[in-house]
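Following this line, the structures themselves.
Here subunit A shows up in two complexes: once beside subunit B, once beside subunit C.
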Partner chain A sequence: MQQRQSLPYVFLVPTMAILVVLAFVPMFYAIGVSLENRTLSSPDSHFVGLKNYLLLFGDSRFVNALWVSVKWELITVSATMIAAIGLGVLMFEAAGPKLRNALSLIFLIPVLLPRVCAAFVWKFAFHPLYGIITYPYRLITGQPLDMLSSPTQALFAVAFVDLWQWGFFFAVIVLKLIEILPQQPLEAARLDYAKPWQIHVYITLPMLRVPLVSLMFVKMIESLRSFDLIYVMTRGGPGTSTETLDMYAFSQGFIEAGKISYASSMAVIMMVATVVIFTVVWKRLKS
Partner chain B sequence: MSYNCIRTIALATVFGALSASVATAGPVCKSDVRILAQPRDALTMLEEQKADFKTLSGVDFEIDYLNEGDRRAKSQADASTTGRYNVYYVDEANLALFASSGWLVPLLDHYPAEFDFDDFDDGRKTTATYDGKIWFAPIQGGGDIMVYRKDLLEAAGIKPPTTLDELRAAVPKLTDPAKGVYGIALRGKRGSGDNVWRWMPYFKAEGGQWFDNGKPAFDSQAAVDATNIYLDLFKYSSPGTQTGSWDEATGAFLSGQVAIIIESAPLAAITIDPAKSSVTDKVAFLPPPSPMPGGGFAHGFAIGAKGNPDKEARDCAGLFVAWATSKEVEMKRLEAGDVGEVNRKSIVESALFSEKYGTALPEALAATAPKTAVNFWQNAHWPELGNKWGILLEELITGQRTDVKGALDELDEFAKQFASD
Partner chain C sequence: MAEIVCHGVNKKYGAHEVIPNFDLRVAEHEFIVFLGPSGCGKSTILRMIAGLEAITGGEVSINGKIVNDLEPRDRGIAMVFQNYALYPHMTIYDNIAFGLRRLGVSAVEIDRRVGEVVDMLGLKPVIGNKPSELSGGQQQRVAIARAMIKTPEVFLFDEPLSNLDAKLRAQMRLEIARLHKNLKTTTVYVTHDQMEAMTLADRIVLLNAGRIEQVGTPEEIYARPASLFVAGFIGTPAMNLLPATVGENGTRLDGQGFSLPVTPGRYRLAEGQKVVFGLRPADLSRTSDAATAHALSGTVDMVEFHGDQVLVSFPLGAERISAFLPARHRPKEGDKVSFAYEAEAMHIFDAAAGHSLLHADN
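Moving on to the complex of A and B:
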């Protein structure tokens, strides 16, 4: 009996220990560094308390990066979920099983492409003179369209690529979730002459609430890690219009100033904000 | 005996002598040399000559490539922390930071004398010098050159501009978007080595100085005028260059969409290379219009400090740098038509150089030399300051902000923290 009770710990302790080392050591190290004035160019550093954090809130570029990050999350997560649910339902309603499988296979391709490759391909597609995306505009107006150079359009252009990668993938997941739902409630609704959209709005989607919320959280976390996509397509520009928090931290830490402690303080703020916001959203949606 | 035959024998003799001199001292290297660089034709060719280096040193080498901005960021991170690389590709813009931070070791302490460092172009040697010491051996360098389309200028009845005023008058006349032709191609992408690099000649042409009696002078009238000129010219710059760099600007010219471009000198040779240019027989060269100075630059290989903890490792890295930039390797570049990456006086003065390129290109390159100057602030804080201005300038170019003086005032305020340096 004693052996049976201790067995879970035998399996759990080593994995938890590895997790703690991998997750907590860098985290506490980052917090420690953020309380110093460490730079790449100098081997010496001193404890400066909360100075870096206080400087951050007077840094307009940091505030801008924070706002861009919020916009990026809202745009990419909402667009991906809307597209995924729409496409998933459309495939379920309009396509037979064979076509659905074929479409599912095709829809998986974008997410299999490494994001840096996707970014380069789409950067060229958005080129004002050669790009396939901008071609119709050129054809109709005779003018070039340079979306990646527009402060108001650049973020949407990059978000479109993110949607292309993840929207189709999530649509396949939504389709498979609908397919495995029990068919009786849907049949009952059809017998009552419910229209397809009513079936999905009032029956299918409420039944899928928990997996859809989980999917949304996966996308929220994934969107926080879009550094490579934005970096390749706009490098945060034009100006700072697509500069997210992680990109600004990277710029301060490595590209521009070598201010490792300052960059770490941004990383810590990002981590705390993410944990707090995600916890609140999760609890709200769960209830 | 033909010239080629004599040259081959001479090269073989020199290379053999070098190999023998190193061999008699015993193998210098014990482990493969790791290099962090940015893509260059010269380095692609270098990889094809790995066997020669192995004969010389007894080891192999491996080059990791990143584009310019990423290479700068990664080399800074690596040199200051782990030091995984033995050799870094450095440039004029980050040399001061790398040298003053102790991330490099002085090159000549580990550069074998028989490779003749003095043979390098004097301007590039000066650019490779910081605090009285030489830190890298050049792979590429020079100043700026103006390349223009003879056919487009002739058709428009415009003489090639020799002054900045003539350039400003010519560019709008040459722009015809309906025909897919733009007067000029500039760089808009933010960065000390991108939009700021191309803006600096206008700043200097207007009499701008970074500091005045130790105080930042970034919001001077010269800076305002230079920025207004740059923004005015950008109205006629080809689409895609507003947030573009060297690739976008030169790509537009090479594909035939641009009438005039003022860029770093290696572009000249690329424009007459049929494999890379669609306008090979339509271009001509001139120095940048007066009073614009050319932006003096040099890129090259330097020995990392952390990656080479002892003298033996540094000697090995020094041997690689010397070999990779040697006369023999440069001659092979010239033979392959890579004239933009030739740095040694003996190669430029060689019979083969004249044989391959006649007189027009060498004369044009020579004419840029007196106009070449160091335009940027040679200080470890330059990347930070230059990048700050790069963001502000990109915002002005893309219309995110319109107040030129306000942007320069902001830069001036930012620069005050560095004034004491």
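Moving on to the complex of A and C:
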């Protein structure tokens, strides 16, 4: 009896210990650092309380980064979900089983590519003089098109690459979700005067609400971690037009100023905001 | 109200032919039951009528209009599925109202009509619940309500009671019968349960391997099975079937352990013909006169208690004979018994072709 009760701990303790070491130690260390005035240039530092946090809200570049991050989340998550649902439903309605499987296989390729590779490939595709994406524009107007250097277009160009990587993959997941739904309610709807698009709007997608919400959360978390994609394609530029929070924190901490404490306070704010927002959204959407 | 006509309907999956050639006319107001073992194609035919399954060849018409290429929603039909097929995320009210909403019926009108069917089927207390909160019987009632509210020209039922327990099944069977009596909507009902078929049907279409074995009223099918398959399929307990050879100018049947007279002229028999001789267990009654012409004798080796009745069985040659008797007069195992039957109770089938040898005018 004693043995049986201790067995769960045998499995749980090492995992939890690793989790604590890898996640919680750096987290609490970052919180600690964010309350000091540590920099990379000088060895000594002291406790300054919430000074870093107060400074942040007067920092217009921080506010900009916050806004870019929010825009990035909204654009990539909504575009991916809309494209995935649209494409998944289209495949379900229009393609036979063989074509669906072939398409699924092809659609998995973008997400298998490491994001840095995808970023380089697309950076070249967006090249103003040699890129394949800008080729039609050059052909028609005779002018080069430099989307990645345009403050208004750069974020959308990078978001497009993100959509390319994840939209197809999620479309395959949506297709598979629709395929495993019980068919009878869909048949009942066909008899209940529903047109094909109405069947999806009123029956299949509501039936898939929980998995779709989960899928959206996966994408929300994934979008938060797009540092490498944005870094390779634009380095946050032009100016600060694609500089997300993690990128600004990185450049404050390691590239421009070496202000480790200042960067840590940004990381902490990001963490708190993420946890709060995700929890609220999750609770809202699940019920 | 509508008539359904199937003319030369044919269904193939690739090279595999499931329904070779199906002809049937369902009259207005009629309650037709497709009966057959699993895999006989009865659901496939129903789904072709519904438009959920493409028709490979032939014609289906409803109310005089050929519907082969019409969408299910344009055929004027409503269907009840075996596993209810309710919309799991909607309340019962929304489930029932769904079809009318798609038609653009006004909210007031929908409310009135939902109220009507809900009252008729006793669903009022659960109107705000989700399907998963209901029992199987209630869910099937919702499915029936959802079908009824559309006031269809044709009702299709695909094994609607198979997922319910025995008691509920009997109760729902009665409800469906009463519903049909009131609404008189043309109905096609698929089942593998002969009790459902017998009690509900105006006519039964008995199917085997995609072909019609027999079409007739329940009485006809029970009393005059057209083939060996029908004889073996219909009736609980199953008919006794014994191989025999026709002797003496078609006036006797000889088999292992018996030699019995046949009413002359009642059957188309040729001397030496191999036949199968059938007798329903309920047509046998105990007799003390073993010498009577229409009797089978043996030593009881099994007595199954069924309540009011017992099923007594004994070996005869290589086969077994069962008799359904009142429980009060049951013999014990090991008793020597004789069972008499009426000459008209004899069913005789051609052993090779399987068809009944009874003369048509009998």
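A few remarks follow.
In the analysis below, the second predicted complex is superposed on the first by the 277 of 287 C-alpha atoms of A that agree within 3 Å, B and C clash if a C-alpha of one lies under 4 Å from a C-alpha of the other, contacts with A are read in each partner's own complex, and residues count from 1 in each chain.
One rule holds for everything that comes next: contacts are C-beta pairs under 8 Å (C-beta built on N, C-alpha and C of every residue); 3 or more make two chains touch, one makes a residue touch a chain.
As the structure is a computational prediction, the values presented were derived from the model and not from experiment.
Under the clash rule set out above, the superposition-derived model of subunit A with subunit B and subunit C shows the two partners fitting side by side. In the overlay built on the shared chain, the residue A:257 is in contact with subunit B alone; subunit C does not reach it.
By the touch criterion stated above, A:116 is placed in contact with neither subunit B nor subunit C. In the superposition on chain A, contact of A:106 is made with neither subunit B nor subunit C. In the superposed model, A:128 makes contact with subunit B only, not with subunit C.
Of the two partner chains placed by the overlay, only subunit C lies in contact with A:190; subunit B stays clear of it. When the two structures are aligned on the shared chain, A:207 is found in touch with subunit C, with no touch to subunit B. Legend: residue contacts after superposition of the two complexes on their common chain; A:144 is shown touching subunit B, with no touch to subunit C. Of the two partner chains placed by the overlay, neither subunit B nor subunit C lies in contact with A:82.
Once the two complexes are overlaid on the shared chain, A:40 sits against subunit B while remaining clear of subunit C. A simple residue count on subunit A separates subunit B from subunit C, and the partner touching more is B.
When the two complexes are laid over each other on chain A, the CA centres of subunit B and subunit C sit 150 degrees apart as seen from the CA centre of subunit A, to the nearest 10. Taking every C-alpha atom of subunit B against every C-alpha atom of subunit C, the smallest gap after superposition is 49 Å. Partner subunit B is touched in their complex by these residues of subunit A: 40-42, 127-129, 142-144, 146, 148-151, 234-241, 250-251, 254-258.
Residue ranges on subunit A touching subunit C, taken from their complex, read 182, 184-185, 187-195, 198, 202-203, 206-207, 209. Note for the complex: subunit C touches subunit A at residues 50-52, 71-73, 77-79, 81, 83-90, 98-99, 102-103, 143, 146, 150.
By the touch rule above, subunit B contacts subunit A in their complex via residues 69, 72-74, 76-77, 80-81, 97, 100-101, 177-178, 180, 188-190, 238-240, 242-243, 252, 257, 380, 383-384, 387-388, 391-392, 394-395, 397-401.
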